[in-house]
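Pasting the structures in now, so scroll down.
Each of the next two complexes has chain A plus one more chain, namely chain B in the first and chain C in the second.
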Partner chain A sequence: MLKKQLEAIVGEKNVSTRSSELYCYSFDASQAKGDPDAVIRPHDSGQVAAVVRLAGELGLPVVARGAGSGLCGGAVPVNGGIVLDMSSMDQIIEIDIDDLQVTVEPGVVHEKLNQALSPYGFFFPPDPGSTAMCTIGGLMANNGSGMRSVKYGTTRNYVLDLEVVMADGKIVRTGSRTLKTASGYDLTDLMIGSEGTLGIITQAVLRIHPLPRARSVILASFDNTALAGKTVVKILSAGIIPSACEILDSTAIETVRRYDPTVELPDAGAILLIEVDGMQNAVKEEADAVGKVCSELASGIKVASTADESARLWNARRLVGAAISRIDPKRTRVYVGEDIGVPIKELPGMLEYVRSLSEEFNIPIMTYGHIGDGNLHTGMTIDMLDENGMERVNTVADRIYRRVIDVGGTVSAEHGVGKARESYMELEHPTSMYVMRQIKKALDPHGILNPGKMGL
Partner chain B sequence: MLKKQLEAIVGEKNVSTRSSELYCYSFDASQAKGDPDAVIRPHDSGQVAAVVRLAGELGLPVVARGAGSGLCGGAVPVNGGIVLDMSSMDQIIEIDIDDLQVTVEPGVVHEKLNQALSPYGFFFPPDPGSTAMCTIGGLMANNGSGMRSVKYGTTRNYVLDLEVVMADGKIVRTGSRTLKTASGYDLTDLMIGSEGTLGIITQAVLRIHPLPRARSVILASFDNTALAGKTVVKILSAGIIPSACEILDSTAIETVRRYDPTVELPDAGAILLIEVDGMQNAVKEEADAVGKVCSELASGIKVASTADESARLWNARRLVGAAISRIDPKRTRVYVGEDIGVPIKELPGMLEYVRSLSEEFNIPIMTYGHIGDGNLHTGMTIDMLDENGMERVNTVADRIYRRVIDVGGTVSAEHGVGKARESYMELEHPTSMYVMRQIKKALDPHGILNPGKMGL
Partner chain C sequence: MMEDEQLRSILKCVRCGTCRSVCPIFEELGWESFSTRGRMMIAKGISEGMDLDESIIDSINTCTTCGICEEMCPAGAIPPDVFENIRHEIVEMGKETESQKDLRENTLSTGNPMNETHPRLEWLMEQRDVPDHAENVYFVGCLGSYRYQETVLRTYDLISDLDVTVLPDEVCCGSPLLRTGSDAGELIAHNVRQMEEVGAHTMIASCAGCYNTLKNDYPDRFRVVHITEFLAENLDKLELERLDITVTYHDPCHLGRANRIFDAPRKLITAVCELREMRTSKENARCCGGGGGVRKGYPELSKALTEKRVAEVPEGVDYIVTCCPLCRTNMAPFSEIPVIDLLDLLTWAQKKE
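After this line comes the complex of A and B, so read on.
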């Protein structure tokens, strides 16, 4: 019955109800699981609206899904229902350089957008590690960002206007094609980061930015992570905003080395990879300034001399999250407590705390991430045969989350809340959760949009 | 009775109910008018919360007010009620350079914040023309911006966390002290630009930015405004993002000259003032690039050679909005249709259209503003003795608004909607007004927060 109704909307070949197909949509890159009743592949906003209206009539959950690369279960149908696989809505509709904007469908893969913009000398600055697979829709749903957010900000800073299908099946435009506006409530930013719980994004107008003329990467080594953290505080408070500022701890360095021995990383307790970008002359001036600040606490400083060397360093950095799972076949990475954000000056203390937890609970933790904006990824792995390994990992994650909240941080800086972190929402937002629930209730009174997420 | 109840909350000396005092709060810098029942000056969020609760019990409107420099009636109690004069909550609570943030009360005057940050080498980038009087609270309520938004964005881009008193009197924190977050709905951005209709901001954590090491100003002259508009399109699409890009049409040039004869501006149909900032060497490189692009269509180009010359040019630019009213004592400026925003490539056509309306309706229109982000200020003046002058001005404003919406623009780029523009909200947001109303109804079910605004 449901199958027939969905087929009438999107066509026979765009509906899946076989269990072998449904299985593929029952998980993402996190531990969350949930079986959908049906999966559909819509091709335009009209189809999405019709499906949402049908779901409303039937009281069925509707869950939008991009690439399924999410790390918190955001796209997993934990209460069943209809999964909307948005990957067929993957058109770059218009590249409008004069207006500094591009119009895309949500299924566009991040990397493809930047490949299309590059010949014009422009780019879309958010740069998630999952660029090769993640979709712009998923990035918007989670307010993703990546390595360059320290200077360029998050996805939120680049969305001018959205087309959204609301829970009642109406199709709404949230913003404006102008570069700034002071007219009306900011529905665009309300949708960004709402993880499909307030509406389903079917089109986006994104602001784009000129590609920098030059970039330079500085690699600074430190005896321990806390010294690296202190250096980040010094760089930023000295008035230098790098285009990227990444940390790799000793485990992360070791992981990169074992995964790709051709990448030359120094022996160190931690390294910072600091990129500056801009006009040719400015880059040299800023790289010198960064080097000077680093020299106070670093044990070694190296400037990548060629574009190729820089590219290899960034490649190594990108690999590290995935690489850790491949180093030891007996161990597997568990994505909990993996995306914390803290105020900059809390970084050294936080890094030290994570290290102490690793020792106390005998859980290897590789710490890396976008330290320049306070965002740390803590990669925990467990031995699959370790009886209480999962329990210890969860305890460590819980300790990390609680400390993060204690110091004014956030349990997710860029990966989202989804199912994985929903139990910490009240703790992080003790005064405002009820406001979020009021909004959710107002815009989705029957709770059909991605239920069971974000602690709503 | 009301007076006594309010005095019990904020103290006798912080309540005004005398008509001579109330009069001062019955208007702002727009044409909107409305008499309050009482004015209070709260000193902390607890007092604000108590007043909001009282207003809820009595069913009285509550209207927050900063400096009263708004141009759309946002702070005018058009339905009566209690005005909260927030100017006593004017403390800079903490300057936290390490975390790149500052915590302020909403009554802090914009200029004072930047004066306080300057010794640390930092600044708060939004820079409204009313810097000397407007408050950070008013700026946030309207998502104000100013000259440097072309590069630095609007107020929205710099607010990390807010303390807000909701309509039910609860005190809520909306964000995080981290530089980025992907946890929960973006209540911060929902509050920014909501003009006091969803909550009353009582504290804000703002991100700050390092002061650029150098700045350079290029003055380019053009035969007409359309050529200047075309040049702006060329500059941006060439991949140059100036820190400011302002236009003055011939009336604006003449106004500045008559107001301050010492400012040397060329005879021209229009001028662009283009500022680039950054590292010392980059500024020179970028200024050269700007000059090269301008030279294609400009009749003359001049680079301000000293900081003093730059300062005098910016000062002239800042004067122009106020100056026009003082040139001819018989004429007065009317703030309607004065804050439009259009996509960049619509600028030349829009400038031409405004000029043609000026001729058709015999209304002098001085056009100036932040053309680099598509934001034009159209300054209309009328002869006070002109019988149907006001009617003609309103007709011109109506034509301007409709054209702006036709080309995908916004009726307010930075001044807000308030009372002045509420009748255009349905036109600009035909699909999403009902969503805004759903949110308003959910968060302020009895409609006590700044009623009669934004077309809600």
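After this line comes the complex of A and C, so read on.
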């Protein structure tokens, strides 16, 4: 019955109720799970709107999904319903260099967008580790960002206008094609990071940025992570805004080596990878300034000599989160207790706290991440055949999240809340959760849009 | 009950989705169950006792085992091995597909998957004085024996002075069975026994699939080399002259990615003519769509992949050269440019007396 109704909207070949598909779409990269009733692959906003109207009539949940590379269960249909696999809506509709913008469908893969912009000398700055697979839709729904947010900000800073299918099936535009606007509530910003709970994005107008003329990568090594953390505070307070500032602890260094043995990294307790970009002369000056600040606490400083070396370094860095599974054949990375953000000056203390938890629970915790904006990823691996493994990492994760909230931080800096972190929403937003719930109620009164997420 | 080691190989997958951006079957079909990640999830489901319906079997059986996912996987998973093992489990559970059954029955009854019944190397024995004993055995392979006899004869002639013979009763190396979930123990034992009788210590394979199987699935008692490695080492003895042609080279997945043989074929090609690379090559080479039982089990899907690979041929080349008769058979009907074996090219370049 449901299958026939969906087929009438999107066509037979774009609906699946095969058990293989229902099973595969019950996961993302998190530990959340939920079986859908059907999976569809819509091709335009009209189809999305019709499906949302049908779901409203039937009282069925609707869950939008990009590449399913999310780490918090955002695209997992925890209450069942219809999963909308948006990856067929993957057209770059218009590249408008004169107006500094590009219009895309939500299924465009991040890397493909930047490949298309590069010949024009432009780029879309948010730079997630999942660039090769994640979609722009998922990036917007979670306000994703990545390595370059310390200078360029997050996805939110680049969305000018959205086409959104609302819970009642109406199609709305939220913004304008101008680079700024002061007209009315900012519905565009409301949709960014709403994880498909307020509407389904079917098109986006994104602001683009000229590619920097030059980039330079400085690699500074330290005896421990806390010294690296202190150095980050010094760099930023010295008035330098790097285009990337990443930390790798000793486990992460070993992981990078395992992943790509051609990347040369020093033996150290931690390293910082600091990139500066801009005009040639400015880059040189800033790189010198970074080197000077680092030299106070670093045990060694090196500058990546070629563009190829930098590229290999960044590629390995992007994949380090999953690559930690290479360290021990029996252990696999689980995305639990990661993606925290703390105020910059709390970084050294937080790094020390994570290290102490690692000792207390006897679990190796790899620390890496976008330390320049206070965003740390804590990577834990477990033996998936150990029955108590999951419980232990969940306990560690809980301790990490509580400490983060205590010091004024956030449980998710860029990966989203979804199912994985929903139980911390009240704790992090004690005075404003009721406002979020009222917004949700106003825009989705019957609760059909991605229910069971974000503590709503 | 699955063994811990096998279970762990499935659990290596962190579901990051990197493989989604490279799996050629997923690119074609678009549904998650046809991506490597989807198959890894389903393998886990099967290990937990999931019901095996047609959609589940299709998911597992549509992998060509091209290994580009393994190449890219940050977590270090080895999906082609996982899928071969799971196929075996599925077959053991009595869920063999018609295509798998055909392959198995044909190969075990006639010694080759094409079900040819006449003796496979009779034509070679009749034309050449093949010795009974030698240090090296040229493992001819099924497609070579029955479909590309000219190429095989040239190959034999090229190396016959280097203490080489063939197995008197060669049978299929077992690759088609191993890739699709069946046992090949009988075939392997048969070939190994003859190796011992011939007294050889080295097996030389010219087919990428045979090479991969002899190298990785046979008992570790003989040295296994690919003909391109063997010839590249003996390049100065071959007396080759340059040809006024330009070719491109298709890396067979089971020679390149699976066994890291990228340089030897290129060394031989560039010794005799111009080489212009395909759009993707070496570690990143696109699969031709022929492997893993996909050509036989899902011909339309296989064809779609082949067309994409052929579309990567650069402008201005005279031939597509490869080292795998299955890739050759698979691509030839869809390519305006002739597909030849590297050995054909080398024979053309041999100095005429």
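Convention: the second predicted complex is superposed on the first by the 453 of 456 C-alpha atoms of A that agree within 3 Å, B and C clash if a C-alpha of one lies under 4 Å from a C-alpha of the other, contacts with A are read in each partner's own complex, and residues count from 1 in each chain.
Keep in mind that, in the parts below, a contact is a pair of C-beta atoms (placed from the backbone, for glycine too) under 8 Å apart; a residue touches a chain by one contact, two chains touch by 3 or more.
These figures come from a predicted structure and were not determined experimentally.
Asker: Should chain B and chain C be called a clash or a fit once both complexes are overlaid on chain A?
Answerer: fit
Asker: Touch test for A:Arg41: chain B only (first), chain C only (second), both, or neither?
Answerer: Second partner only.
Asker: Touch test for A:Pro128: chain B only (first), chain C only (second), both, or neither?
Answerer: After superposing on A, A:Pro128 lies clear of both chain B and chain C.
Asker: Contacts for A:Asp186 in the overlay, against chain B (first) and chain C (second): which applies, first, second, both or neither?
Answerer: So A:Asp186 only meets chain B here.
Asker: Once the two structures are overlaid on A, work out the angle chain B-chain A-chain C from the Cα centres, in steps of 10 degrees.
Answerer: Given the fit on chain A C-alpha atoms, the answer is 140 degrees.
Asker: Just chain B (first), just chain C (second), both, or neither: which does A:Val233 touch?
Answerer: first
Asker: More residues of chain A are touched by which partner: chain B or chain C?
Answerer: B
Asker: Check the residue A:Arg173 against both partner chains and state whether it touches chain B (first), chain C (second), both, or neither.
Answerer: It touches chain B, and chain C stays clear.
Asker: Looking at chain B versus chain C in the superposed three-chain picture, what is their shortest Cα distance in Å?
Answerer: Once the two complexes are overlaid, chain B and chain C approach no closer than 19 Å between C-alpha atoms.
Asker: Contact residues on chain C for chain A in the complex?
Answerer: Those in contact with chain A are residues 4, 7-8, 11-18, 20-21, 30-33, 35, 37-38, 41-42, 45, 50-51, 53, 55-56, 58-59, 73-77.
Asker: Which residues of chain A touch chain C once you look at their complex with the stated criterion?
Answerer: Touching chain C from chain A are residues 16, 18-21, 23-25, 27-29, 39, 41, 67-69, 85, 87-88, 109, 111, 130, 132-134, 258-259, 319-323, 325-326, 329-330, 332-335, 384-385.
Asker: Give the list of chain B residues in touch with chain A in this complex.
Answerer: Against chain A, the touching part of chain B is residues 96-101, 121-122, 142-145, 149-150, 153-154, 156-157, 166, 170-174, 176-187, 189-190, 192-194, 198, 209-211, 233, 236-237, 239-241, 278-282, 284-286, 339, 341-345, 373-375, 408-417, 421, 425, 428-429, 431-436, 438-443, 454.
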